[in-house]
Structure formats: structure tokens, C-alpha cells
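Here chain A shows up in two complexes: once beside chain B, once beside chain C.
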Partner chain A sequence: MKLAAIGKLYLFFLPALVIILIFFAIPAVTTAIMGFTNMDFQFKWNFIGFGNYVKMVKDFLIWPIWREGKLARPNIIINTAIWVFATLLINTIFGLILAILTTSIERRAGTFFRAIWLLPRFTPMIVYGVICLSLLLPTKRGIFNAVRGAVGLQPLDWISLYPMAVVIITGGFIGASMGMVILASAIDSISEDLRRAAKVDGASWFQEIRYIILPLIRWPLMFITAYQTLSLLTSYESILVITKGGPFFASTNWSLYAYKAAFDVYSGTYAYGYGAALATILVIIGIIFSIAYWRIFKFKEMMSEPKIEVE
Partner chain B sequence: MEETADKQIKVERAKVARIQDLQGETTFTFDRGMVLRDKSKERALKIAMYTFLIITATPIFLGYAWIFVASFSKEMTFGIIPKGLTIKHWRFLWQAPNQVMPIVWPVFLNTLFLGLGTAFLSVLISTPTGYALSRLKVPGRKLFLALTLILHAFPGISLLISLFWVLQKLHLLNSIMGVVMVNAGLMSPFCIWVMKGFFDGIPWDIEMSAFVDGANRFQIWYKVMLPQVRPGIFAISIFSFIMGWSTFIYVLVFILKKQGWTLSSYIYAILGEYRFVDWGFLAAASVFFILPVLFFFVFTNKYLMKVTIGGMKGGG
Partner chain C sequence: MRNLVKSFGTLILVAWLVLFVGFATAGGKEEEPAPAEEALKVVTIRVWTIGPDNPALGRKTAFDEAGKRLNKDLEAEGSNIRVNVEAEFNSVNWSSFKQRNLLALQTGDPEQIADIIMTGHEMIGPYSVAGYIVPLDDYIARYPEVYNDIFPALWATGEFKAKIWGIPRDSEGRLIWIRRDVLKKIGWTESEIDGLRERAFAGDFTRDDLSDLAKDIKDAGVVETTMIHRPTPGVDWLGLIWNYGGRLSDETTGKLVVTKSACLKALEYLDKLVNQLGVVPSSMTNWSWPDINGSFLEGRAALYLTGGVWQWLGWQKDPWNFTEEWLFENITWIPYAAAKKGGKPLSVSHPLTCMLTSVSQNKDLAFRLLTYQYAPDLQAESVLASGHLAIGQSILEYPAYKENRYRSEVTRLLDVTRISPNHIKAPFLWEAWMDAIKAVETGAMNPSGALDFFVARMQQELGNEVIVEE
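After this line comes the complex of A and B, so read on.
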């Protein structure tokens, strides 16, 4: 009787279990297995051992060629490192600056600016891409080039000239809002007494930030840094829309490279197996990060026992 | 000796004066910053802050203004200044705009279905599970919580390729329903955690009294608890609707036939290869796509922020 009652309670989990199993758990396992095959659009499970991983080492280590002291072919690993590090810098530092500024000015104005910065996050990616392209167009029609034209300068092909800078800044404009929202709410929740005490003691605005605000928002700041590192490692949508990873592979990062290996219409390889192997590496890094989160942020506390228990 | 004591007294007096000053000011104004500082310095600092905020926000503002203005103007001079009014860029609302692109309404319906389906399925998944995780002590609860957290670390690309295979096996390639389920699955860890948070916030006296009256868990969940977490359901629905409506990569990869196009693929097709792009049409379609999102964004901004923060609660 009691067992049956408990069994019934599992019905609460049923919808989530079914969906998670089919669209999350099975694909996660399949990715790992697929990485050992040379599967293409015919979907044949043809196992080739570590073939994909050998290819990966060749692609990434032998592929970039140094010519006359310059990197003649861009390296995906270097691209990924630059992308993650530089965008992370924008996401956290710029997000922090926005959070501090929008909480230091009048509340209404602060909310207004925060809403503006949240816009890119809620805009469909393809529309965000269209907007960025309209700003960056290489002809006089592009808004940045129109500004250059107004002061008598020739239009520039921003994407060809500075592909990494373009993807980093456009990515950072989306990412900064997360840091901004979380840090702004953390700053808002700092007790007013502390800040008043600092003011009474004659602290300047910068001292107040340095000695009151920054130490008190240390944890959310670290959380955002950790969380964003992981999401940046696996994000590629904005790059795909804005530069398509180009010119050539100049702005392609690891995850976009995996996407291209599997689904790029133009190269037409449809190397699902190779793409899966590339993705598996990302998953392994993701798991390492999750374990680190677990340790640092004490997720166990979030899983505390339920309060009410009646059987 | 006496001098230092004198100094000390002076400092303390100054502090008291400052406190009085501060209290006086804060009682009457709700200014949150810098009450005590030098007024001219304070003003300069504020002007600097506003200047920084305005300059950094300008590209965003220009970009969004551009798609609206460009969609109604015959020609754009200097990138942003319109010349001549026209509605020809909006002709996709009543006819096929060119040989390649279809009229927008079937595409719109697909997108709407994708948004609503994702929202509906997300709520269906997260409300019972969120409740169970918040209130029931059953074996496997912790495992499930851990599982959702780990899965949360597997975004997009890592599953894309095998999802393609799974959908192909289930004969769900090229169907919006397939993308709906993928969306709901990928969003479920987030939605479940948010719903759990909302259930956690309901005092259990309410539930207790229903228990005493002899209701079972399912009745309590449905009749007592669901009405209590209505704001949570509302927030999740909007959030998932926007995510579903905006889905890009899954539509691009999983839907290959024109009949299954959503607005994302529609705009991607207009964009084509960046050459010979009809920028007016592109701008108009972008505005059409972004309008519902803007609507929700303006009117439910607070809810969305709450969910965004609620989902990250663990770090705070």
C-alpha cells in the first residue's frame, strides 16, 4: 500500500523524465558514442576507434602554418582562447561597470539603461545579427561607415579587417547584460547602512565601490565569471550569424568548428562523427566546470530536504 | 594633548552633523547616492556617468532605430537618415515579395506554434516536477536535482548532432513539433529550478490544512498549489514563448523544407549570402519578427528579470 502510494508520487516526475530522457540524456550518451564513428548523412554506425581524435590533433596542431613569422592559417584553439577570454572580460568587467553606474544614478534612469542593455539578450539572434550587420556594412550604407564618411574617411570592411574584434564586441554586448542584472540586484541588496556609514566617514565614490561594494559582491561576480566561461566555450550562434566564422576560419571558435564540420552546407562534408567528437571534448570541459561549480557554490545547500513531510 | 582632544571632538561633531544632514536629506528625497559629497564634484561625477552610459548605449539604440526607420523608407542616406516614405518593404504581409520568398503568414503560424508549443510544454513539465522537488521526499529526488544541474552544463552544440539523429529516428525531422520538444527538453532544467523556487516560497500551512481536510497530493498540487504559483507559471510561459519564438539554430538545422520555415529561417533566407540583399525587406521582416518580443519585453520586463535572477539564485 505504502509502496504503491510512493510509486504514484513519481507521476509528478513523469513528463519531465520522458522529455529529458529522449531529448537530453540519450543525445548526451549518443554524442559520446558517435565520436568514435565516421558517421555521415547516411547515419551508419561505422566505428573507427580514436580516428576522429587523431584527426583533431592533426587539424589543430599541424594545421596552422607559420609563414614569415605570421600565422598564415588561423588556429581554432587560439581563436577559442581569445574569444572566451576577451568576451569574458567584457561580460564581467563591463557588466560590473554597468551594474555600478545604473545603481548609482537615479533609480528610473538606471532601470531605463538596464532595459536597453537587456534588449540584445531578448532579441532573436537572427535579428540581432541583422542589426549588427547594418552597423558594420562595408559600404557607405553601413552606419559606422556613414559616420566615417561624415568626417571624410573612406568606408572600411570591418568584418574582413577585424573579424575577432567584431565577434568579441557583438558577443559581449549580449553577455554583459547577465552580469549587469545579477550584480545590480546584488548591489541593491547591500544594506543601506553600510554605504551610509562609509559616507559618514567621508569615503569618496571610488572608495565606496572599492571597499564596500566590491567585497560584498565577490560571490556573484565569481559565479558570473565561472558560468560565463562555460557558456562562452559552447556559444557560436552570434558568430555564425554575423561573420559566419570568416573570413576563412579567422573568427571560428571550437564550437562553431564542430557545427561547421557537421552541418556546413558549403563544405558539404556532413561529418557527424567528427563533429560529435569535437563536441565531446566540449562536454568533458563542461563537466569539469560543473564539478567545480558544485564545489565552489555549495549547490548541496540548494538541494536541502523539503520542509513539509507527511506520509 | 588638549589640542588632539579638541580635534577629536571637532571630528565627532562633524560626523554628527553629517549624520543629521544625511538623515534630513534621505527623509525628504529618495536619492540613493552621494548625499554628503561636494556638490559640484558630485554633479561632475554624475554627468560623467550619464555620458558613459549614453555613449555605450548609442550603437544599440542606433541599430534598433535603424530597422524601424529602414523598413518604412525608400532610401537611407548616411546610413540612418531616411528619405521618402514607403510601405513596399512590408508587401510580404499581403503577397509573395519575390520569386524565392513566400508570403509571411504560413511562416508566422509556424513560428507562433513553435512559441506557444514550447511555452505549453515547458509549463507542463516544470509545474509537477517543480512541486515534487520542492515538497516530496522520495528516493531519487537528489539524483534528479543533480541530473538537471549537470544537464544544464550541456548547452547547444554538444547535443545538436545527436539530436539530429534522435529526431531522424523518431521521424520528427522537418516538423515544428520536434523542435518544440527539443526546446522544452533543453529548457526544462532551467524551468524546473525556477518553478521549484516559486513552490519553495509558498508557506506550507496552506498545504497542511488541505492535508488535514483529507486531500491527496495530486489534488493539493492541482487545486491548492497551482493557483498560488500563478506568477511563476506566467513568468515561465513568457520566457519559454520568447525562447521558442526566437529559436534559430534548431530551426536552421532540423527543418530543411520550406513548409516548416519559421521567421528565423525566413530572415536567414533573405540575408542569403550578404550579396544583393534587399535591406528594406530585411528590416521590415526583422521588425515583424521582433515586435511580439518587444511587446513582452516592455510589459513584463520585471517578470523576466525575476526569472533571470531566480534561475541564477545559487550564485547570489
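After this line comes the complex of A and C, so read on.
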């Protein structure tokens, strides 16, 4: 490409690059550096080398301990793995189902239902969390327990009994909407000719989905999978609002543990250095996942020049 | 005609000017202009206070009134300095108050930091180590008539490493609330109910008697939930460790202490209440505050294990609006019952403390304002409105305080009150202990597993700043 053309390209990217630099790159580097200090409420940059990482290795909340075939106590690594992959499953599969269903019905009705499903995503997390809490209150005032009471059942403490299920389902409800929107657009962009041809050949609705739609939306599907994995690795807001990571760390994932170490100690002392080290590990894991997805899903192929020139 | 209008108009104008000048110069003697060198210098003193419950607004208004009194005295002294008090009152919650304070303190910018901070005494350790506050020993010595009045036992709240960093404000006591009407429903007489408090103070009504009572209430099926408690960390929970003979700090070294046997007994007691007797719901640590207070006030719960004296006033205000007569008729209280017969009951107090920030540009004036705020009438009116307890003898003897039936009853808790230790990691102790309690109550761990967890967390976080003893 000519120099001028390259220059124009970078000029286009410049605003995004500046934003990424200010809001992602610089904070990431600062956080990584902070991870080598024991900074707390005194806000002093005392460098302690790998002290925080040694602490992480010895931190018994992080590493699973098995006794008699089951976990001896709640554990951050296992919680994170369950949170990411279970929520990812719901986000991707449920998002796909919603996209297929809303594009299979009359256009306006489909748009209307997609708008409803987008509401949790547009709602501030604290509002969404408060709504979930009122559904899940352990007393008879909770909406789910009110329904149970109406049929003669005792109230359940949903959050204590099923903390991971609660946060996974609520996270899935929010995350599915993003997949739904992207996949619905991808499905809409499939040429109508292909679908008519399939119908003429006698394909059922299910066969149309399996042999026409799914293969043609594989790139967006893989993008959603990769994007949501990275997003779930670092998200904790819904968990913080709904279960606060409890009961007793049962729903605390890695990013929430990092947040709590730095900010959320009840009485207000802050282990910023340790929290930063924990967050840095997440960045490293995110980079590893990004590289893995790039290779496994062959995103390079997706981004390459098309093999057919269409004029 | 035109000339007539012109003349009339001129007449009106002249008359108006005469009247105007007359009014402008009328009344009072002519004042001498103030000399330039006596122009007033207004000094702004910023104060941060917190409820978060609204009845505690007196913590702020006492400073407003103190400012007025200070200005009057400054004028009488012939000083050209006047104070402008900017006192804030946080009515949200402790977490947001502490977080905001800390983030402001770390800027080191006097424009962003208050001169005086009124906050929980557990922050004395962290704030003093970080250099955010100054020792007050020399300042206190200037006003002995005020500060010698404060009960000696309460000074422990402000002490850290042999210096005084904070002055106590608003003492209180933790207690166990009991529904009188529920006791009557299970056959207790009025005299038995009235005598319960004396029995608790005498060590005759113990923790086991309390759990037996809870079982009787549960078996009678007269309430939905037998016993409730707070869902969050707090000094109340530390009271359980003292109850069972444990200690929290070492006087010689100032280090925090974990007494394993006492902690285990405390966790076993809670395990008994929740998992064996079923008198406390296992979901208790997930309840919201409105649910907790609502359950108790609406008679759906009988025993409130971790109550506080200030709640009495809070229940008379929005959103509950119960009358004090109704409260006396339906609710009674006892101190934390002794662990065994003949033992000592106890209460725990979490007084706030007033601290002077190191960046304050007007420390002397700010401390003088603080001292004015400790006037007996201001303190008495504040604690009467908020439901807290007197911190000094002169407040005890203030007529309105003395005549207040509720206050005169609960002040007795100060005789058996303990105060949690000041330490740089004192806040972590609260948090880690609460996690152990949650582990037992939710069934995640048995008491000995939860104890091991608590000890491991304390050792991991505090290292050699914690002593673990059997």
C-alpha cells in the first residue's frame, strides 16, 4: 500500500487507538507494575518483587483442595472455570436459539422480541441486581418464595443453596442478548436465495438451520464464543450485586476476588498491590485464550482477502 | 397645558428626591467606617460525620451550633477570626463513607480533606500508620475541664501505640432484644419477663438459657422465625469471643490475638442455634436489613441476637414510626448473656471517634471547634435524638438525659462494655471472623473447619502481627 494510504488508515484508527491506550493499555501496565508493590491504604509504591505472586501461590482460597472425592472448601479457580464455561454455554447457545427464533417469525415481531431481550443489557447492573435480589429474597417477601408460598411450599434460600446457578443464569440472561443481536444480523444477511433453494429441495426448518444457517454463521458464532470467554473472565459485577461472592466464597470468581482484595473489604482497608497482581494474572490468561482462539478458530482466515472477486 | 404637566412633573420628581434622600439618611447614628486592619478573616473548618441512620444527624448539627458559639466567643475576645463550619453527614452506609474518606485522604490535598473526621475507632490504626491523622494528647491537655469528664474506659477507643489519636463520641451498647409479647405467649409472667434483665446482669441467665428459651419459642410455634441477627461484620460478633473467655489483643505487644478455644466455642454456639436447634435460619446472613427489622418489629421474630441501643430511636422514626410506649410494652432487652452460670455478662461498644487530620491548615481552631462540640447540652441533645449513650458524667447528669427512662436503663450497659482493639488490621479481623460465622451458618463448614479457616486467613494476612493461642 502507498504510504499515504497507510497514513490515512492509521488516521482512521487513531481515535480508537488513543482510547485503547488511555483506558486499557496504560491502566494494564500500571496495574502490572502495582502488582509488584504492597500498596495498601497508605498508597505507597513499596516494591516487593514477586511477593504478591508468592502470596498467591500460598493463598489457600485460590487452590482447590480435595478430600474424599470432593472439594474441601469453595475455591476461586474452580469457581472461575464453572462461571466462565457454564455462562458461556448459555450465552452462546441461548443467544443462537433466540437469534434463530426471532428471525424465523414475522420481521416486526422478531424485532420486538429482540428489543425485549436486550433490556437486561441496557439496564444498569445495580438495577438488574436489585430486581434479581427481590426475586430471590430468602423470606416470604421474595417473589419466587411468594409463589412457593402460594402453593403451600416453604421459602427457599436460593442464594445460599444455589449461588453459582443463580449467578450463571442471571449472567446468561444478560450475555445471551449480545449473541442474539450479532447472530440475528448474520442470519438476516444470508441470501434469501439459499433458503428458498433449500425449501424447494424439501428441507425442513430444522434441516435449514443445520445445513444452511449454522455453517454460514460460523464466523460470528466463533467470534461470540471468543469475545464472551474473555468478557466472562473479567466480569464480576452481577456476582457482586447478587451474591457478593458468597455465601462463604461459594460464588467468588477470580476477578471478584481481585476486586475484593483491592476495594471491597467491609471495613475499608485496601490491598491494592495484591489485587493488582491478581488482575495481572487475568490479563495473562486473557492473552493466552486470545491466542488460542485465534489459532483454533482460524480468525486469520476470516480476516484475509476474499478468494472470489465479486464485481 | 404642556407647561402645567411639565411643572407638575418637576414637582413630583423633586418631592421624590427629597423623600429618597430623607429615608436614605434617616435612622441610627452615623457609623464610623471599620478600619482596614480589622477586616474579618473567615476560616472554613470542614467536618465529615456519618449516621448512617438519620436520627444521628445531631453529630453534624452539634458542629454547626458549636461554630456559632465559637464565633460568639471569638468576637468577645476581640479576634478578627470567624469560623465557617462545613459539616457533612453521610446517611448512606459505612462502606461508601470509609471509601470516600480514604480516597480523599490519599490525595493529601487540604482542599479535599476535612479538618475533622468522625468515624469508627477501628480506623485509628490504619489512619495513624498512614500519617493521615495527628496525635491529640497535647491538644486534649489544653481543655482538661472538657476531656476529664469523659469516662476513662472509653479513651481506649482512641488510643493506639501509647498515644491518643481520637476522642470518643457517641458511645453505644450492643444487646439482645426480646419480644415481651412472645414470652407471654409461651407462658412467662410479667414479673418473670421484668426479672430477666437482672438475671442476665447477675450471670444467672446464660447463653445456654437463651438457646433453651429459643427452642421453647420454636416448639410453641408462635413466631415465624425464632431468632435473627445482623448479616454483616461488626463488633457484636467479637463479643462472642469475649463471652467464651477469649481475647482479641495483646496488651504488651499490641498484636491481635486469636484464642482458638473461645472462637471454637463461639462457632459451636452458632452452629447449635442454626443447624441443631434450627432457631436461626441458615439464610440469615443473606437477609436484608428491612427484613430483619421488619421481622422483629412486626412480631414475626422473637429474639434479636445482635441489637444495638440506637435502634430504639430508629424504630420511632420513619419508616417504622412506633411509639415509645409501644416499644416499652412489647420489647425488652438483656446484655449479652454470660457463657456460664455466675459468669459476667457483657456488651460491646463501637463509639465513633473524632480525629484531626494531618493536612488541616487550622488545627488549633479546628480542635477548639471540636471541643465546643463536646458541650454537655450539645452532646446530650445529640445522643437523646440518636439513641446513643453518654460519654461523660456531665451528659449523664443533663436533666433531659437523666429523666429519659430508656436512656437511664441502657446506660447500665457501659458497666459491662468491651471495646474492640485498635490495630492496623483490625478491620480485617472483623471481616475474617464474619466469614467463619457464615461458613458455619450456611453449612459450608463445621465449627472446627471454620476455625481452621479463620486462623489460616488471619495468619496469611497478618503474619507475625497475630498471636494464635489455644
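Note that in this section the second predicted complex is superposed on the first by the 245 of 311 C-alpha atoms of A that agree within 3 Å, B and C clash if a C-alpha of one lies under 4 Å from a C-alpha of the other, contacts with A are read in each partner's own complex, and residues count from 1 in each chain.
The rule is short, and it goes like this: a residue touches a chain if its C-beta (ideal position, glycine included) is under 8 Å from a C-beta of that chain, and two chains touch if they have at least 3 such contacts.
Keep in mind the model is a prediction, meaning the values are calculated, not measured.
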For A:153, decide between first (touching chain B), second (touching chain C), both and neither.
-> neither
After lining up the shared chain so the two structures overlap, which partner does A:292 touch, if you call chain B first and chain C second: first, second, both or neither?
-> neither
First, second, both or neither for A:43, with chain B first and chain C second | both
For A:124, select first, second, both or neither according to whether it touches chain B, chain C, the two together, or no partner.
-> first
Quick one: classify A:194 as touching chain B (first), chain C (second), both or neither.
-> neither
Which partner, once the models are overlaid, touches more of chain A's residues, chain C or chain B?
-> B
In the superposed arrangement, does A:60 touch chain B (first), chain C (second), both or neither?
-> second
What is the contact status of A:30 with respect to chain B (first) and chain C (second): first, second, both, or neither?
-> first
If you stack the two complexes on chain A, which partner ends up touching A:143: first (chain B), second (chain C), both, or neither?
-> first
In the overlay, answer first, second, both or neither for which of chain B and chain C A:263 touches.
-> both
Touching chain B in one complex and chain C in the other: list those residues of chain A.
-> 43, 133, 137, 141, 263
For chain A, which residues are in contact with chain B within the complex?
-> 6, 8-16, 19-20, 22-28, 30-31, 34, 43, 97-98, 101-107, 109, 113, 115-120, 122-127, 129-135, 137, 140-147, 149-150, 173, 178, 181-182, 185-186, 192, 196, 199-202, 204-205, 219-220, 222-224, 227, 230-231, 234-237, 240-241, 255, 258-259, 262-263, 272, 275-276, 279-280, 282-283, 286-287, 289-290, 294, 297, 299, 302-303, 305-310
Chain C residues touching chain A in their complex are 94-95, 98-99, 101-102, 106, 120, 122-123, 126, 129-131, 232-233, 281-283, 285-288, 291, 295, 424-428, 430-431, 434-435, 438-439, 442, 444-445, 449, 453, 456, 460
Complex contacts: residues of chain A adjacent to chain C | 41-43, 55, 58-60, 73-74, 133, 137-139, 141, 157, 159-160, 246-250, 263-270
Complex interface listing, chain B residues touching chain A | 15, 18-19, 22, 30-37, 45-46, 49-50, 52-53, 56-57, 59-64, 66-67, 70, 76, 78-80, 121, 124-126, 128-129, 131-132, 134-139, 142, 144-166, 168, 170, 181-182, 184-186, 188-189, 192, 204, 207-208, 211, 217-218, 221, 242, 245-246, 248-249, 253, 263-264, 267-268, 271, 274, 279, 282-283, 286, 289-290, 293, 297, 301, 304-305, 308-309, 312-316
